[in-house]
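Here chain A shows up in two complexes: once beside chain B, once beside chain C.
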Partner chain A sequence: MSDLDARLARLRGSAQPKRHTARTIAAMTANPGCSRRAVLDAAGVDKGRLATQVGFPARFGQSRFAITRGNAFEAQIKADGCAELLSLLREKLDLPLSEVGYQDLESLGNESNADRHARAREAITNAATEAGTLFDHPLLRMEVGGRAVYLEPDLIAFRLAGRFHVVEIKSFPVIDGQADPAKVAAAAIQSAVYVLAMRTMLEEQGLDPATVSHDIVLVCPKDFANSPAVTLVDVRKQLTVLRRQLSRMARIEELLDLLPDDLTVDPRPDADGVPTATPEELGAALHRVDARYAPECLSHCEIAYFCRHEARGETSALGRAVREDLGGIESIDTALALARETRRPTPEQEESAALLRAAARLRAEVSA
Partner chain B sequence: MTTLTSLARAIAAERGTAQRITTVRHVHIHERPLVLVPLTLAGEANAPLAAMVGTARDDARLLVVAQPRNRDQRFGFAADLAEIVLDYVALFTTQVELVATNRGRESRARYADGPQLIVPNPAGAAFVRMFGRSTRFRKTDGQWAVPMTVPVLGRWLTHFAERYDHPGSAALVALTSALTAHWATGQSALEDANLAALMGWLDPPAGMTGAEAGEAAEDPLAFPPAGPVTDPTFDNEVLAPLIDAYTDNPGEPALARLVAAVRGQIEPTWDLVWRGVELLRALPPGERVAVRWGADRDAYSSMVLGLADGRPPQPKRDGAVAAAGRLNRMERDQATYDVQRAFDDPLVLAEYRLSGEAFAGVVTAAQPDRVDTSGRRRVLRPHVTVLTQDPVRFTPGMELTSPARPSQKATVVSVHAGAADKAEVVLELAGGMGSSLQAPPGSVPEVGERVCYTAFGDAYQQTPDFPAREDTPWTHGGPPRDYVPTDGDAAEDWS
Partner chain C sequence: MEGVAEELERRIDKLRAAVRQAIMAGDRTAAAGLRRELREAERAWDEAVAGLAQQVVPAPRGAGALLPVREQVHHALTLLSVPAAPRLIGEVHRAFFAGDIVGARLTSLRRDEERSFRLAPYSRPYYLCAVLSADVLAPARGLLAVSTWPLERRIVGPLSPRVDFLTCAIRVAEHVERLPEAGTSASRLLWRFAANIPGLGMDPGGAATAAAVAAARAELAIHAEADRSHRAAGAARATEQLDDAGRFFGTPRQRANLPRTARSDPREGAS
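On to the complex of A and B.
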């Protein structure tokens, strides 16, 4: 175990490291400046559980109906060796798929992740010479924060005209050619994770990573029905964002150097698994790591409610735009004191203070 | 977001109480709006689960789809909703008014009142749009026949959704948006999207601050989400077992339990919406709100006429000319809405004063009878000097307008820095003073009068000429064909 691994393990404590998925890796790109999130993710801390332990449980769940619908749609697309998907790819994308092989790389019972990944790697790299093979459930691997992470995607990669395409199946509808932009964005970044993992894999095998196309195939239900619609989505931008964030994670040591060596969020479970660390203890440890809270965190980060509580009184808690409007002043009290001229601005606050004074004067004049 | 509203947010956060960001109401509130609170089944494409709908707080009708994936039950829901909505939109076709057009030379008729649909939030408005899309192409005969009223409902819902895209329209109001346009809370815009939390800030129960009530309202168990998507925990622990029970044994007891559970989720939102409507209603309306409501009534009148004339349902996609025209109208509506709000409301105008697009001050000198003799004809061109504390970013030669004298043009002659952060602006006035060389009383600001000048005005703008639909140039695909609903549309599954 390297020093870094030992350090991260100490930080995490006795709990098993949380396994990353494309979703969690994609989520890291949402607030790249947040050290707290970077450190916890690198250490594999279960942020959801930690949030509950410190008294600020996350508030997102998934409805059973949505899961059922998603699974049913995926099963429908993949039925009979992806027959429905293939005919769509032929028709809509005009892909010259004459004969198609289908290979399911699903887990073989008690197979280890490393073995399963090796099997997927072999199958896919061997496909370098054959065209048109679909790979279902290939297990991919990528480095996150210096540690290997296995991704178990429900994706299919198919090879066509010398290039691999990642296929992402989502159950949100595309109605009259339009879909919810937020959902498409989420699907694109998740697919980018797979593209990156596939490229890394090929590169490790001495093959050209550019063989994996940056155009992913998004499969969604069309209009209000269950029949699929396929769309090509260019994920080049997402790949750039992702690479930047992963390289930042690779420099996690620099972040850790700023923290005390014995810092831990270990819940210290007793023999029955009941945590013995108090919420105050865990909270105090969390406070040692700098967060960069923004309201958007509430919709994608498990410990966001803890950070929101901590950020109370800061202008950024009201939204990044609000903070900018208030001249970038960090604290609400300071901004208001400058506006009311009860506090003398520092030289670098002069410009913001003038704006705030003018705003306060106008508000007072009009409201009077 | 602007500096003044952000300052209001900071003050709200400091005091734990929401702050007004307007002095008047900028949205029309109907005396009898139709409130619609829709709920959908998670994961499905706009599959209705329930709706609470009615024109008064104590007159709610609850529609529930016991098996949201069942096609017949969905169209049953659509038919029930159609009955309510179509009855409502028919209420306003009794009284007609004449509006002068073409500078009073002609006039045209429109309905004196129109319908207003209020939903809890923008996602509710999206439901209206999607439900309109999924019903307006249905056929009333053949294999997939639906009740006659269903496609008509679809066209009305589409009408409301299209008006919603026009800034300043009040035909379809998303309550959270309307409320946050008038108040700033001490939480973020993202958190304001939760109706219960927002109403906690705006109208906290006795003994609680807005901040406390807002935070308490974040608990989805005590305050169910305003939808259309339901709380996942409710879905998993309550709704799913009840739907399963009903599917296994579709009798009255199972249905009653299901309806009661859904009522528990939808009723709190219903009450919040009406409370929110009352908060808005209590604000005095801005002067130009009625003008914009007139535009909504124009659209309503045209819709009624179109239905009677057998106009085809709104297409899935606009043709080239229709799209260009729509975009142009939306841009003009946005510009008009911004200007009208500023002219109606000194607090909104203050935003422009802060950013240097307007200034207000006191007239310190006036030459009301100044005559310009430099041209061929002698013309009345009074000068006034205004002393202002606002940051003036105007340069000589720029043309300004005053909300108090919209027909008068004011050209900046000079700007001088005065004492104590103040600036002296000299303006030359033209227009709005009659045709003689003597300015009528009141037409030129007097010394001591408080005045305001802006870089924008609400003068009438000429509509650009677009080719007729049948003259769409070949570069834009030529004249579009009418969209004829196909069997595919009629058969289109709801998953």
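On to the complex of A and C.
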């Protein structure tokens, strides 16, 4: 175990590390400047549980019903040797009749991640040169913040005419050719994570990464029924965003170097699994790691309510647009004082102060 | 015994509520004490339920069903003639035999069969066994087979899911043909197959049995040869590397494709 691993394990404490999924990586890239999220994710901390322990339980997450529905739809598509999926691909993408191979790369029980990844790599690199059509649950690996993480695979890699496509099965409906744009965007960025991870894998094997297509195959229920429909989605834009965000993400070692060596968010459970660390201790440990809170965090980070509480009174809590408009003014109190002209602006605050004063005057005129 | 288990269930429910209340009230010591009691009660419940299972096994009085569940599964699998998932087995049984197979009992079936085989090998005329994947010789997820089938049929290669699907379609269509009149569940089953075979329309009325058989045979002809060679290669390796129990139930705890290390010892009793 390397130094870095030991350090992250100490930070996490006794709990099992939480696995990365395409969903968490997609969410991570949404706020790449946040050290708190980067460090906690790299250590595999269960952020949802931690948030509950410090008294700010996350009020979001996938609903149980949505998960059940998603699983049922996926099971239906994959039943009987992917019979429905094959019919769809034949109909929509002209998959030749002879291409029906299906290989399940699901875990064999107590197999290690490295073994399982090696099996997936072998199957897919073989397929790149020989035969094979559908590869279910390949375990992929990806570099995040200077560290390799395994991705919980929830995809099928599908080979057509020498190119791989990522098949993403989602249970939101496509009604009359239209789906919820937010959901499609989320699915696209998650698939982009898989595309990137598969490209990395092929590149490591000395194969052409462009073999993995940037067109992903999205399978959704059609209209109000349960019958599936296939759409090709171009994820080139998401790939660019993802690649840029991943390279911008500060390296974990550098972030850890700024933190005290004994920092930990270990809840220290006793024999019965009841945490003995007090919320104050855990909160204090969390405060040591810098966060960059923005209101968007609430929709994709479990610990966002804690950060929002911490950021109260700061201009950044009002959103990125406000923070950019009020560059150099950190707290809301300062901003109000400048607007009411009860405080003299420093030279670098002049410009924002003029804006604030104008806004205050307009507001006074309107409400007068 | 059953009364004891029910009593314990009520107690567990009460304890859970008490633990929750203690946590909400912030009383850590009381919560810890209650949790310990809860663990005790759960352990006692496990024992009581294990006792129930032992009572039931010698006399499987299935509610409504006249045959033990393994016989029902055997009938359905014999009709299909290829490995199948529990869901399909249940549907086939409903369509062509009387009564439903209780899904919950299928989940433990394979484990029970394995235990029985390892305790007293070959003491039953047949066993419901696992299907091995051709590459790593590990049990394939959620498929059941019959131990009297040739080894090739109990091994799945990359093409086998499709080949088995088409074979099932042919067998179901032939069986529907033989029936004087097909019931709704039989025709629905056939239609589900027909919808995913190329060359047959999605029209429920159009799934004529002869056409379904012909279309499925046409596609089967494309894959059959390659699939047979994958399965034969897998079977050859299984014969060489695994013992009897391993060939029927697989060795999930070992990487069976590693040379010579994969031999399982039946005395281990690992399931």
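Simple rule for what comes next: the second predicted complex is superposed on the first by the 329 of 368 C-alpha atoms of A that agree within 3 Å, B and C clash if a C-alpha of one lies under 4 Å from a C-alpha of the other, contacts with A are read in each partner's own complex, and residues count from 1 in each chain.
We take it that contacts are C-beta pairs under 8 Å (C-beta built on N, C-alpha and C of every residue); 3 or more make two chains touch, one makes a residue touch a chain.
As the structure is a computational prediction, the values presented were derived from the model and not from experiment.
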Greater chain A contact set [chain C / chain B]: B
Partner chain(s) touched by A:317 [first = chain B, second = chain C, both, neither]: first
Contacts of A:277 with chain B and chain C, given as first, second, both or neither: neither
Which superposed partner A:115 touches (first chain B, second chain C, both, neither): second
Chain B versus chain C as contact partner of A:223, first or second or both or neither: first
First (chain B), second (chain C), both or neither touched by A:59: first
First, second, both or neither for A:4, with chain B first and chain C second: neither
Touched partner set for A:358, first chain B, second chain C, both or neither: first
Which of chain B and chain C A:90 touches, first, second, both or neither: second
Contact residues of chain A, present in both the chain B and the chain C interface: none
Residue numbers on chain B that touch chain A, as the complex places them: 1-11, 13-14, 20, 23, 41-46, 130, 133-134, 186-191, 218, 220, 229-230, 232-233, 235-236, 239-240, 316-317, 346-347, 349-350, 353-354, 389-391, 492-495
For the chain C and chain A complex, residues of the former touching the latter: 28, 31-32, 35-36, 39, 85, 87-88, 133, 135-136, 138, 140-141, 158-162, 164-165, 168, 195-196, 198, 219, 222-223, 252-253, 255
For the chain A and chain B complex, residues of the former touching the latter: 59-70, 171-173, 175-177, 221, 223-226, 295-296, 298-299, 313, 315, 317-319, 321-322, 325-326, 332-333, 335-336, 339, 355-356, 358-363, 365-367
Chain C contact footprint on chain A (complex, rising order): 79-84, 86-87, 90, 97-98, 100-104, 106, 108-111, 115, 119, 131-133, 270, 272-274
